[in-house]
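Structures are listed in the sections that come next.
Each of the next two complexes has subunit A plus one more chain, namely subunit B in the first and subunit C in the second.
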Partner chain A sequence: MTFQAFIKKLVASLKKAVSSSAFTNTFFAISSGVLVGFVIMLLTASSLSNAVNGLFRLLTGGFQSPSMLGNVLFSAAPLILVGLSVAFAFKTGLFNIGASGQFMIGGIFALYVANLVSLPPVIHFIVAALAAIVGGAIWGFIPGLLKVRYNVNEVITCIMLNYVAAYTSVMAVENPAVYDRGITAISIDYPTAEIPRLGLNQLFPGSYIDMSILIAIAVAILIWFILKKTTLGYQLKAVGFSKDASKYAGIPVSRNMILSMMIAGGLAGLAAAMNYLPANPDYFRSFSQINPIGFEGISIALIAQSHPIGIIFSGIFISFIKKGALLMQFFGFNKEITSIIMSVIIYMISISAFVGQFIKKRKLMKKQKSKLIDQRGDANV
Partner chain B sequence: MNYAIEMINITKTFGTLIANDNITFQVKPGEIHAILGENGAGKSTLMSILFGLYTADSGTILINGQEVKIKNPNDANRYKIGMVHQHFKLVDVFSVIDNILLGAETTKHGFMQNDVPRKAIEELSIRYALKVDLDSYIKDISVGMQQRVEILKMLYRNADILIFDEPTAVLTPQEIEGLFKVIKAFAAEGKSIIIITHKLNEIKAIAQRCTVLRKGKHVATVDVSNTSVERLAELMVGRDVSFEVEKSKANPKEVVLEVKNLNLQNKDRTKMILKNVNFQVKAGEIVCIAGIEGNGQTQLINLITGLDKLHDLNSHITLNGADITNVSIRKRFELGMSHIPEDRQKYGLILDYTLSENMISNTYYFDKFQKNGLLKFEAISAYTNQLIEQYDIRSSMGEYTKTRSMSGGNQQKAIIARETSREHHLLIAAQPTRGLDVGAIEYVHKTIVAQRDLNHAILVVSLELDEVMTISDRILVMYEGEIVGEFDPLKTTVEEIGLYMSGSKRMELSTDDIPSIH
Partner chain C sequence: MYSNLITFLSLVLILAIPLIITATGGLFTERSGVTNIALEGIMILGAFTALIVTNRITPESVGGPFVLYLIGMFVAIVTGILVSILHSVASIKMKADQIISATAINTLAPALALFLTYTLTLGAPNDDKLPIFSGFKIAQIPILSDIPFIGDLFFRNFYPALYFGIIVIIAAYIILYKTKFGLRLRSCGENPHAADSAGINIYKMRYIGVSISGGLAGLGGFFYITSFTTSYHANVAGYGFLAIAVLIFGNWKPLNIALTALLFSTLLTFAQGIAFFPELERLVTQTLNINLNLISMLPYLVTIIVLVLTSKNSRSPKALGQTYDKGQR
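And then the complex of A and B:
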């Protein structure tokens, strides 16, 4: 298949996805989330007009200016990658609740390489990003290994490893040689390791955007391809569906489960590289707190029903809502309220994504039935 | 005439497939009514409609002359309909009593009150001689007992109409006898019984009338007493069925599988499950292991195929001369082993994969189906369609059908197709015809014999003595983990083998020199 044909096929499948009922369901899920968010605004706002203004900000903030839009895409990159991390493990029947920990360890690896190694530009970035992948993969490997060796539930190991990662990052990052910029990072210590911007900042002037969003999209397509077209995807999904039947068929079950967790961890690690290596990086929350991004990743995967291509959109959407919530602060909503509203929206979306899937199934059954009755009716005439 | 159940002009479709096509079906009170039909004929579907698992697209259901709507199993319970499913629906990690009470719990202030129901269940269990251990977990008890749990579950809900979907497929002959006694007792009390089975002599033994379905359509309802087994088979398949398999004399060649001093202890090391098992299977012969269920056959097969690990250091298994005692399952396959597993839903199929995905589950990494890690979808689909054609695997959407939605018999055919079409030198088949209709059984037996004539070595485990007698070239009888006898099917009788199976007789087989009858 030529590259062009591939792109064509991709566009066609995107079109199909947009016109599908899954898409409408997601749309309703999102609207119901926003609606509940609005109710909370009404409860907390000083006046009705204030609440309406807040809602308006929330929904349009991300489009307000090219720089805003650029920033939405910019912060979507790590979110997409974390969403992919959760979805990938899920396809193998594993629940990766440890993306936060993998993200933090990946971040430490990236920062160490960025600050302590000197390499020419671009290459430095690539090496730092690869290091982040390795870090995340190690953190994914541990729960995978414990699961297959000692049958320890990966959820428990992942949660505990999140804490280990949080405390490790305190130790590792508060090392002046590595990262001594406190919590407001504006200066750049490692210009050679920066993510290339490919002129995207000219497209979205005034924004932080760099090629991380392109990397995230490319990785999403790659993951889709792996799951759909390769023997690796075939065996990972087989293990996810039935361990016994996979074992019978000679598919190495343990190896695939570990591999799946390592890939999931690697994706979370890469997300950290996208988060900490830009010219204007996110500051490293090293104060022994678990980075909540792993949990956002769960929502993102859920909204997209673990479909890698869908995750590109759900990731961008969550980033968009987060930016809008930030802007609401200018309208008298304080930071805590905006985080509550944002979390409520995310939760509502996740819940309705569940409900939506259920409705979709029922609709499909009904449709099939009526179609058949039609056909049979025709035959009778 | 008033009927206990009337299903009138029932139609049910799945996608483009018409599983039930305008079927009318009536059962009298106190009657035992059999349903017969090929795999995928729509038997389970029809009964699932009566039990409220599916709703019919059109048609009416009358219970005792009253028209009713049965939308879910709770409705069915209300109309006193109970069903024992083809694949049991019990919660593995719950105890027997919890499974029986599930959904019909007696509570007081929100707490379970198990004393009263326990008494009631114990009484039922004594009255109908349905022996169960109320406090064991489902995962620890035999399939026979699981079935008794299912029956008690129905009785506890006061069912008057009892549906059994292939109840005998998983039972030993003794258990079948017990089950039939119970069923007859139910009928004597005026309960109506519907029983789906593929075994024609069982229909003769127990049913008064029999309804035959073919490809979703009602073919006939006949009085069993004046219809011969041959006639039943013909009605069902639409052609003559031969119960005998034509086969020439075996011509065994080199040893393919050799099992030496196989010993296995149970988990807590208190009992020997396999004791010093020794035998060989040669190219070009069919060896059958006969025995009553639970005498170590499952464990033996699991060790040979690698599903279980072998810990005993003196035990050895060789395949084509290579020691496979501790090699991986994939390696065993590559060395020439094929395996039709006993439990088709647990091991045989990845139920959420499509038929074509299942057809390559142990060969997907071969050059034939992949290149540089990319699956060759065209090759896979061509291969699948060829097997669907050749083995007559019926399903609603062909290669795209999720195997979970296929009928039990067609699932089995799919596995047989996969395992016999793959390159191999040894075929291990555990209960290969369980749940198959007579036409399909005939086909499988022919396939197995054809495999032999291709010079493959074949090892079959079967609980059905008839099957053992028809297809084997050599019979090994297992009793309590030991091989207690070896026979030539032409020189023995079912009765003689029965004596060895029940442990009343045994041969002394020397362990290092295995006698063979040629």
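And then the complex of A and C:
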């Protein structure tokens, strides 16, 4: 295939995606989310101009400087990967509400390898990231196994394992071998394990950006490829549609369900590596609380309707309005407005299929009506 | 020793109540065939509005803290029902995925509470916390509190929530198993098409099921925050999700739910309340040399293990989570 042909094909598929109902639904959902957010701001603001300024900051803050845009992309990487984790399980009919736990365990694995193993640069990072994937996959394996072997609902195992992960990570953080008293978190002194920046920080001067966003995008494409083009992906989706039919067709249902939860866990673990290994990382402190990122992952997956490529955009979008919300605080608005907007978007997406059908029906009826009138008109002539 | 035991047991009871009430709410919605993982969000919002109202009213003006408590309960229940309608309209009428609309509510609830508290200065200026009135505890009931043991546990220094919890369990049992309505509700979660052909309005039953769960979850949220915390930060510590776990663990049966919640809260009290019992703490941390975080994990690990051991008997409502479509068959 020539390059031109490839571009043509790409443009054609993009056009198709944009004109699809899923895209318009998402577009309307996002618009209504922003609209509701604005109305709430109007109702609570001290003045109209304050609300307008706040909304303007919310929607443009992420673009306001190259460093801001760089940071939007930087923070988007873990969000995209957690979103993929939830979406992947969704595709196989499982609800991974345990991404938070998998994320925490993955983070511990990554930071332990980063702190306690010495390897040359880049290789050290790769090994730490792989360790994070293994950690998350182990945490995803448990609900998968219990589901197929003992018929235990994966939702409840995941919820319980989130708590277990929280307390496990407290113990892991307070281990003197890795604990840094100065920052009251796991030591961040691991120069060789840092995520390579590939000069992206020159493209977005002053930002924290590194190659994590590229990794996240590549993984999203890989997941899309697995689900769309491989036998494994076909089998996983078949199990998601109907367990019994898959079994009848000779698909190893149990193995696929466990595998799906492990891949989902691995993705959440990788997200943690992207979160804790940058040159300016999040600190892993000893809170005995569940990291809320797994729940954000559910939202991100749902906004993209579990489409891996869509998740790249929904992850960046969420990161974008989160940054905008921070700037909006200068106008006296609480940054929680992002979650309010997010919830409206999710809600609108959940009902969009129904609303879409309703509108289609109305249009069809109108058409038939006008047709009838036309026919009558013809008869009169 | 005796007073320690009483403290421990009353903590167990008061911890179990919000779980029991919320899980019983979950029971009604799931028995009607609709999952509702929005219980967490509904608890948060129920507690939020109840607090706004009870913080505005002085107990003297309405005739005592108990009346104020009742007002708070009423507001929490109404809020819960209203919020749950968001879920039922989407998942019953608009045939949305039940997980998705519930996730929207869970995302909305803490954000809305924090946003409004901060922006409208409902608490202290520039703060997103709300204070909680601390005088709801009833000191003692005369005569009854003199009964040994029982009197100390149930009639001295207790929250009214305790009795409402017991009422809810008994009522749930009677409604589900001894009334026509209960039979109809359960049939909607088992085989809605058969129920429909028997003349039951599936949509109506499911609306009612979800609304009951909303009301009870709102109430559970109010009980949770008034019993444990001194300030509210749009947070019920994952109790809504734990309630769903208790519901599944209790095998979708009211009495089992109560027992499961008590078991869970015993472990939770042991894990979180160990600091109240210095002798026990010394035994665990020094003599046995166990990390307290391992103790904290215990309730969650035990739940998983018990589920593994008992799951052979576990049976969820058959039509749970499926959208009902009249024309499907």
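Simple rule for what comes next: the second predicted complex is superposed on the first by the 304 of 381 C-alpha atoms of A that agree within 3 Å, B and C clash if a C-alpha of one lies under 4 Å from a C-alpha of the other, contacts with A are read in each partner's own complex, and residues count from 1 in each chain.
By definition in this document, a contact is a pair of C-beta atoms (placed from the backbone, for glycine too) under 8 Å apart; a residue touches a chain by one contact, two chains touch by 3 or more.
In this text, all values refer to a predicted model and were calculated from it rather than measured experimentally.
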Residue contacts on subunit A - larger count, subunit B or subunit C: C
Which of subunit B and subunit C A:245 touches, first, second, both or neither: first
Touched partner set for A:161, first subunit B, second subunit C, both or neither: second
Which superposed partner A:229 touches (first subunit B, second subunit C, both, neither): first
Contacts of A:122 with subunit B and subunit C, given as first, second, both or neither: neither
Where subunit A meets both subunit C and subunit B, residue numbers: none
Complex contact set, residues of subunit A against subunit C: 40, 44, 95, 97, 146, 150-153, 155-157, 159-161, 163-164, 167-168, 170-171, 288, 290, 295, 298-299, 302, 332-334, 336-340, 342-344, 346-347, 349-351, 353-355
Interface residues, subunit A side, partner subunit B - complex: 229-232, 234-235, 237-238, 241-242, 244-252, 368-369, 372-373
In the complex, subunit B residues that touch subunit A: 13-16, 57, 307, 328-330, 332-333, 339, 341, 346-353, 357, 361-362, 364-365, 370, 373-375
Contact set on subunit C toward subunit A in their complex: 37, 86, 90-91, 93-97, 99-101, 103-108, 110-112, 114-116, 118-120, 128, 238, 241-242, 244-245, 248-249, 291, 293-294, 296-297, 299-301, 303-304, 307-308, 311-312, 314, 316
